[in-house]
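Right after this note come the structures.
Both of the next two complexes hold chain A, though its partner changes from chain B to chain C.
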Partner chain A sequence: MPDDEFRVRFERVVMPHLDAAYNLARWLTRDAHDAEDVVQEAMLRAYRYFRALRGASARPWLLTIVRRSFYEWLTANRPAEIDRNFDQDLLGSQADRTTVGPEQVALRRAENATLAEAIAALPVGFREVLILRELEELSYKEIAHIVDIPIGTVMSRLARARGLLQKSPLLESVRGSAAGGER
Partner chain B sequence: MNCHEATALTAAYHDGELGPAQSLALEQHLVGCADCAARRAELDALHSRLRKETPYHAAPGALRERIIAMLPVVAPSGAGSGGQRWRWLSAGAFAGAAATVFAWVLGTALLESRDVDALAAEAVSDHVRATLGKRQIEVASSDQHTVKPWLSSQLDFSPPVKDQAADGFTLLGARLDYLDRHPVATLVYRYRQHGVDVFVRPATRASRPTPPTTVRGFNVSHAIGTGMEWWAVSDASPDVLAAFVERLAHDDAR
Partner chain C sequence: MSSNQPLSDDDVHAYADGKLPEARRAMLVAALERDPALAARVAAIREQNVALRDAFDPWLAEPLPRELIAAAQPPRGRKAPRGRWAMPALASAATLIIGVGLGWMGRGEVLHLDGTPTTFPRQAALTHALYATDPNRPVEIWANEEDRLVRWLSKRLNFPVHAPNLHAMGYELVGGRLVAGNEKPGALFMYENADKQRISLLVRRDNEHTSETAFRYALEDGVGVFYWIDDACGYALSGRVDKAQLLAIARVVYGELAAAEAAPKP
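Up next is the complex of A and B:
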């Protein structure tokens, strides 16, 4: 295939998902400038390996690359943020209210925080499944593939992410009214 | 179903990940159980607040331009020397001929793309009109063996009707529309929260594969196969739609 044709095909198949790539990177890095770095690296990598896509769905494929680029960027730039232990919370030995980390404490205090800030305060492992599900509307199977975890883990992380948001003061009014309406 | 089971399944139900039998069992439980219904309402409330209050960050234009500008300097992995063969085009002796051919190809392409754009726009108009007018479905059935005979009785062609439930597309029924001054069969599917219309007409010699496009925010995907031309219109994501219309058009073993 001539290089021009290759590039045109890439622009037609992959470039339409640039917004999704940037949105994910923006929520993961929590910074506009860092998100651009991650996306740029991811797009060039996607271009290099575009042949490997072979008719599969382009958006989950691209988001997998964005996520990998993000973790490499995180390791290089903010290694302290890599939280390897958050799945321990999921194992259920501790009740939800006792596993509140400093981020959640800050979140509970921030009465005036916006919902976006509440999401930004989630540990990255919960944040990514929440964004992929709620904003990108990907299926459990697609998320499992992107994050490289079993579907059961997707479900438990998602439940945990939603639980944390619902417990934040921001959402208590919604909880109250939703529950009240049914009773 | 008891509350314990319902609690475990509510999120999957909310996310559209439960099968029909389990969904039904859960729905029946929710009707009679205020606590479980409240838990479900909380998930809905969270979802709608997330959609409403959190920004979807679109890529800055400058980033897009920078990436496109960088592509030519990246060597795709596994790239052959395919590009080399075309170098002769730049040789002087052929330049004139090439320019003529180029102009002709460009002219034809523009003509075609205008036709295709008009068709895509018409398909989107049909889709929107049906959605607004509540005239989405004239024969409501998730059974392909009911939908197909109805269409055959209305049209002078008989489009294949396929159940795509395994891939998350539920067949809701069908109706008739006009496209390009001819009646077409419209298959109506639902994919998660999205309505999907598929317009089907017999393929002709003029039918050409057409890249996916977006018209007024709706994604349009096109495919040719099984003697038919297929146009899918939806607000579902373009790659999902493209894969779907390809599956419909091509008679695989499913």
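Up next is the complex of A and C:
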């Protein structure tokens, strides 16, 4: 394929997903500037490996690259954040599985900004599945592929992420008022 | 995951997301019928997801940094996939024109590439705009024959549809009609409040995109649309009302439909 045609095809196929790429990076890095760095690096790679995309769907493919770029960036810049063993943690999580209670009422009542802070405070391994699911609206299968974990683990992390969110200390004030309110 | 394992909380979340594999889904549906608390839990998870998506909405509406749009462009007049290209320092006019030429109008806009069928929210908004303003015949069957309307639509669509009761939100059913869809027809229920403000609920089931669940908002030519996909059925609530109000109504619609589905079949 001539270079020009290659470039046009890249623009048509990949560029429309730039916003999705930026969203994911933004939520992963929690910083607009860092997100730009991660996405720039990811776009370079996407262009370099564009031939490998073939018939596959461009959005999950690009998000996979964004995620990889993010983890490399994280290793270099904030290594402390990746030092968590999520799935180990999951084993002990059955006990605090939540039922319908004031926590969920709190979530409904929380201001978007407060809720966003609570999401941003989740450990990265839980945050990424939640973002891929609720913001990017990807299927479990696509998430499993992007994060490179089994579908069962996607399900567990998602359930756990939502549970953690309900119990987030950042939603404490809303929770207090909900517990004393109606319902 | 084998189908004889007991149901777990993960399954409940997957069910709420519409992502539980068929074998386990049947188990969970059976459990839901026995256990109202479980049904409430599913509803709560779905509400939580709506809250999360609301929290993400401001991000979706935020413009992309111009520098990023510029920097992310592939190189012009250079050998293609070999190594880095220099990051352009400026968001040039040319760059922005390329974006528009691609049909990429920025965040929040619908992506229209050649051959893309009309999106579900767009179809819903167009259908709403077409019939809500019709003074004489907004519906084919009026609400005084609601039972007949629901039976007729269910028969024509070949799956059971329900007309949610929106009385609590100040809206009464006007009636309904059969409408054209991308592949199959859909059902449209029209509602009206005391101010003669109309909203409509479009229901359709298509062969495509059956696995996707969503609860999203779109604004199409001044018509707000909340749409979601549940159990292979697409629902879109449309109206020229503000987003918060439309969301409140959409939540009631969602709850009403879930209750109708959970109700014992005659």
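Keep this in mind: the second predicted complex is superposed on the first by the 146 of 183 C-alpha atoms of A that agree within 3 Å, B and C clash if a C-alpha of one lies under 4 Å from a C-alpha of the other, contacts with A are read in each partner's own complex, and residues count from 1 in each chain.
Just so it is clear, a contact is a pair of C-beta atoms (placed from the backbone, for glycine too) under 8 Å apart; a residue touches a chain by one contact, two chains touch by 3 or more.
No experiment lies behind these values; they were computed from the predicted model shown.
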Do chain B and chain C fit side by side on chain A after the overlay, or clash? clash
So in the superposed three-chain picture, is A:121 touching just chain B, just chain C, both, or none of them (first/second/both/neither)? neither
Just checking: does A:152 make contact with chain B only, chain C only, both, or neither of them? Give me first, second, both or neither. second
Is A:18 touching the first partner chain B, the second partner chain C, both, or neither of them? both
Counting only touches as set out at the top, which of chain B and chain C does A:144 meet: first, second, both, neither? neither
For A:164 in the superposed arrangement: first (chain B), second (chain C), both or neither? neither
Just to be sure I read the superposition right, which of the two partners does A:66 touch: chain B = first, chain C = second, or both, or neither? neither
Once the shared chain is lined up, is A:58 touching chain B (first), chain C (second), both, or neither of them? first
Segment of chain B that clashes with chain C, given the candidates 94-102, 112-120 or 184-192: 184-192
Need the overlap of the two footprints on chain A, from chain B and from chain C, as residue ranges. 3-4, 6-7, 10-12, 15-16, 18-19, 22-23, 26-27, 32, 36, 39-40, 43-44, 47-51, 115-116, 119, 133-135, 137, 139-140, 155, 158-159, 162, 165-166
Under the stated contact criterion, what part of chain C meets chain A in this complex? 1, 9-14, 17, 19, 37, 40-41, 44-45, 47-49, 51-60, 64-65, 67-69, 71-85, 87, 98-99, 102-104, 106-107, 111, 113, 211-214, 216
What residues on chain B touch chain A, complex-wise? 11-12, 15, 17, 34, 37-38, 41-47, 49-51, 53-60, 63-64, 66-68, 70-72, 74-80, 82-83, 85-86, 168, 192-193, 211-212, 237-240, 243
Inside the complex, what are the residues of chain A that reach chain B? 1-4, 6-7, 10-12, 15-19, 21-23, 26-27, 32, 35-36, 39-40, 43-44, 47-51, 57-59, 114-116, 119, 133-135, 137, 139-140, 155, 158-159, 162, 165-166, 171, 174-175, 177-179, 181-183
Flag every residue of chain A that touches chain C in the complex, lowest number first. 3-4, 6-7, 10-12, 15-16, 18-19, 22-23, 26-27, 32, 36, 39-40, 43-44, 47-51, 94, 97, 99-100, 104, 107-108, 110, 112-113, 115-116, 119, 130, 133-135, 137, 139-140, 151-152, 155-156, 158-159, 162, 165-166
